[in-house]
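First chain A sits with chain B, and in the next complex the same chain sits with chain C.
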Partner chain A sequence: MSSALNIVMPGERITAVEDVAKGKRIILGPGLRRVNDTVVASKAGPLKHREPNTFWVDNYQRRYVPARGDLIIGIIKAKSGDVYRVDIGSADSASISYLAFEAATKKNRPDLNPGDLLYARVLNASPDIEPELVCVNSNGKRGKLGLLQDGFFFKCSLNLGRLLLRENCPALKALTEKLPYEIAVGVNGRIWVKAHSAAETVGLANAILSLEQAGHSEIDKVCDNLGDVLQA
Partner chain B sequence: MGKSDTEEVAKDKLRLMKCKFNPLSRCDGSVMYSQGATVVIAAVMGPIEVKTQSLSIECSYLECNYRPKAGLPQVKERIREAAIRDVLELALLSEIYPRSKMSVQIQELEDRGSIDACALNAACLSMLIGGLPLKYSFAAVHCIINEEGEFIVDPELSETVHQQASFTFAFDSVDGNLLLVQTKGSFKIAQFNDIECICRAASADIFAFYRSNIGKYHGRSDDVLSVTSKEATMEM
Partner chain C sequence: MPSKMKPRLSRGVLDMKFMQRTKLKVAKEDDDEQSRALYSNELNTKMLNSNSNFIIEPSYAICEGLIDGRLSFRGMNPEIERLMELEQVEKDGKSRPEQPKEVTDQEMVETYYANQAPAASKTMGKKFSTKNEFHKRKSNEQQRLHKKGQFKKPRQDDE
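== the complex of A and B ==
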């Protein structure tokens, strides 16, 4: 990933991407679109590039837009027919079938109620139809997916969620040194944490939310201080 | 214009712009924006669930609400709201999120002149920070002809008392096309053309302001900060 700070604004033509596109196929991520033979930004933020050929705009965003394969945290809203309605923070509510859980059959239905938290994967997402979720992988095993019990749930910006999900995230590493905990991070800007005691759990949530205020350059500094936030 | 140099500089420059991103916690993006003493808060939500009556399967529905400082919106506010909505509709890439709604709320906090332009600029900033897909950003500039026939860009409320004519222009950031023209009072076509040029030049400062503040919000380095301080001194 390039570290050069390159802020793009909506409507800006991005010739750097076009130059790369002359040599090979490229992938345009969120915030970029093709207009005839030009590449134009549609969102405001730093332009990011990952080798060999992926470009996107890493804009600040709080609203989630579903995409296939995303791991998200949803809240069960209602049961209707063969599906549960799940709120995942997007424009439409998502649905998850009774049969999309491990070892579920028509006779043996999962016991979920409105208000329960679900860690699930987006099975299909398109602007024209409502998103569908699953809690099993292609082998029918649940893995880490499924109901999240106890713990504490809060919302944050999508950027913070993605930051925590990055490989070798310095923030989670810093917290691991202080106390044992469980965490589930959804890319829809929702986080669930659980530690041994309620006080520890709340401290953990505050420590993570304190990262929200920090700019990228300050992340390391904030991580050093996460322990202090936990004590407070 | 029979004025000394220092006063002339003040008359064809915008007042000091300031903004704070995300002062509100529950919407998808918000901004508190001020031009001089005129202050506005704008907030966006979107894409969100839409009522079936306004649902469109081809594009998203845009909702725009303008609230006055006190009381309920009256005819004057409704007209302003409609003008803002028209500009937002031009800038928004509505086909990206069909069957959804984009909602923009604008709350006037203090009107000390140029409220139309200020509200439009705040709406643009809130859409930028809320991550709504846009064709381009836009900037609005207000300008008047005072009783002596002088042009004043971004006037204070006190300066507008004896105005001959007032103009509000909005420009897009890509081609600099006109998105909105509002005029009031009597003026010659040559004056109109001159003022359009002056406002177009002033809109460049607003676009630079957008960029530096978005950059700053993304936690960026010293070079961005130095740009803004340079601008700030320029504005003074």
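== the complex of A and C ==
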């Protein structure tokens, strides 16, 4: 199946996926549902396929729906008892236990305040309960997770976040050639960037936001122009 | 009916100190049975033994194979860059091309059989040897074992 534009609409039965499913097990990603033995789209957008057996609908969306294992950026809203309330852009705010940080104990709490940015992993996500986050991996190590200090934070569509996170994304490479920077991209459509000076940081943010309208095909062209956006 | 019932332990027995583990087990069994009875008319055979070819995956990150979003370039955050490097090494390690061989397969086979094949014939030969020969060989081997190998200095490029 080609990955060219193959638009599906909510409620549409997708026979192409059903045909594949007859032969082997397939993975239905977001935007596709199984109804008995048929596959039905639940979102509008291009149907995507990744070898060997994954299908999903890549619709335009700004509202994040938590899914287990996602790496996201959250804003701490409040402390409440043993947990921090974190805004992750989903319908419900998430919670993170103060023990879910590296080297945190009951006596030694992490020093976090409302307004702080966290790069965290979604530990569990279910429609019925609020999502729970963690800032450590299964070995209790911090890894890349944790507090994001300084820098500049902005929101974008979920699609832009995912576009930047594809393997061998040309955009980040193009920006690397211009200036040193660090970045955190959450799949919840939130991006945090930091460069050496404030002007560079803002330029970087503008450059990334200029990719918002770029499709997967024209991204190379836009990346060539990123340098101009940075200068402006 | 009573003859069909499973034998049950009385509460008096279960309350004894050494029966605590069994008590938990019995309680769990009871619970399971109750919940099964509760939903038994809701479940149909299709629900019980259907095997579907569909796996539902609600995360875009897994479907699209996205990378971790915390990145640093050109020395902005050395800590993150070190982690990125380690990850890269791990990834490359999986698809690393085979190292060139110092000993060809043919040579390996020859030396292997040169060393191993006599061992097999020796074990069989032992069966047919006399006791006298056996003792002789044993004392020979012991002498050989006593000779301690000298320490060889490893080459610089070996690790």
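The working rule: the second predicted complex is superposed on the first by the 230 of 232 C-alpha atoms of A that agree within 3 Å, B and C clash if a C-alpha of one lies under 4 Å from a C-alpha of the other, contacts with A are read in each partner's own complex, and residues count from 1 in each chain.
Convention: contacts are C-beta pairs under 8 Å (C-beta built on N, C-alpha and C of every residue); 3 or more make two chains touch, one makes a residue touch a chain.
Fair warning: this is a prediction, and the values are worked out from it, not measured in the lab.
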{"item": "First (chain B), second (chain C), both or neither touched by A:P10", "value": "first"}
{"item": "Contacts of A:R63 with chain B and chain C, given as first, second, both or neither", "value": "first"}
{"item": "Partner chain(s) touched by A:Y84 [first = chain B, second = chain C, both, neither]", "value": "neither"}
{"item": "Which of chain B and chain C A:R162 touches, first, second, both or neither", "value": "second"}
{"item": "Which of chain B and chain C A:E218 touches, first, second, both or neither", "value": "first"}
{"item": "Contacts of A:K194 with chain B and chain C, given as first, second, both or neither", "value": "second"}
{"item": "A:F101 touches, of chain B and chain C: first, second, both or neither?", "value": "neither"}
{"item": "Of chain C and chain B, partner touching more chain A residues", "value": "C"}
{"item": "Chain A positions touched by chain B in one structure and by chain C in the second", "value": "65"}
{"item": "Partner chain A, residues of chain C touching it in the complex", "value": "52-77, 80, 83"}
{"item": "Interface residues, chain A side, partner chain B - complex", "value": "5, 7, 9-12, 31, 33, 42-46, 58-63, 65, 90-93, 127-128, 214-218"}
{"item": "Chain B residues touching chain A - in the complex, by the definition given at the top", "value": "21, 27-29, 45-50, 57, 91, 93, 96-101, 128-137, 172-174, 207, 210-211, 214-215, 217-221, 224"}
{"item": "Chain A residues touching chain C - in the complex, by the definition given at the top", "value": "21-22, 24-30, 34, 39, 48, 50, 54, 56, 65, 67-71, 119, 125, 143-145, 158, 161-162, 164-167, 172, 175-176, 179-187, 194-196"}
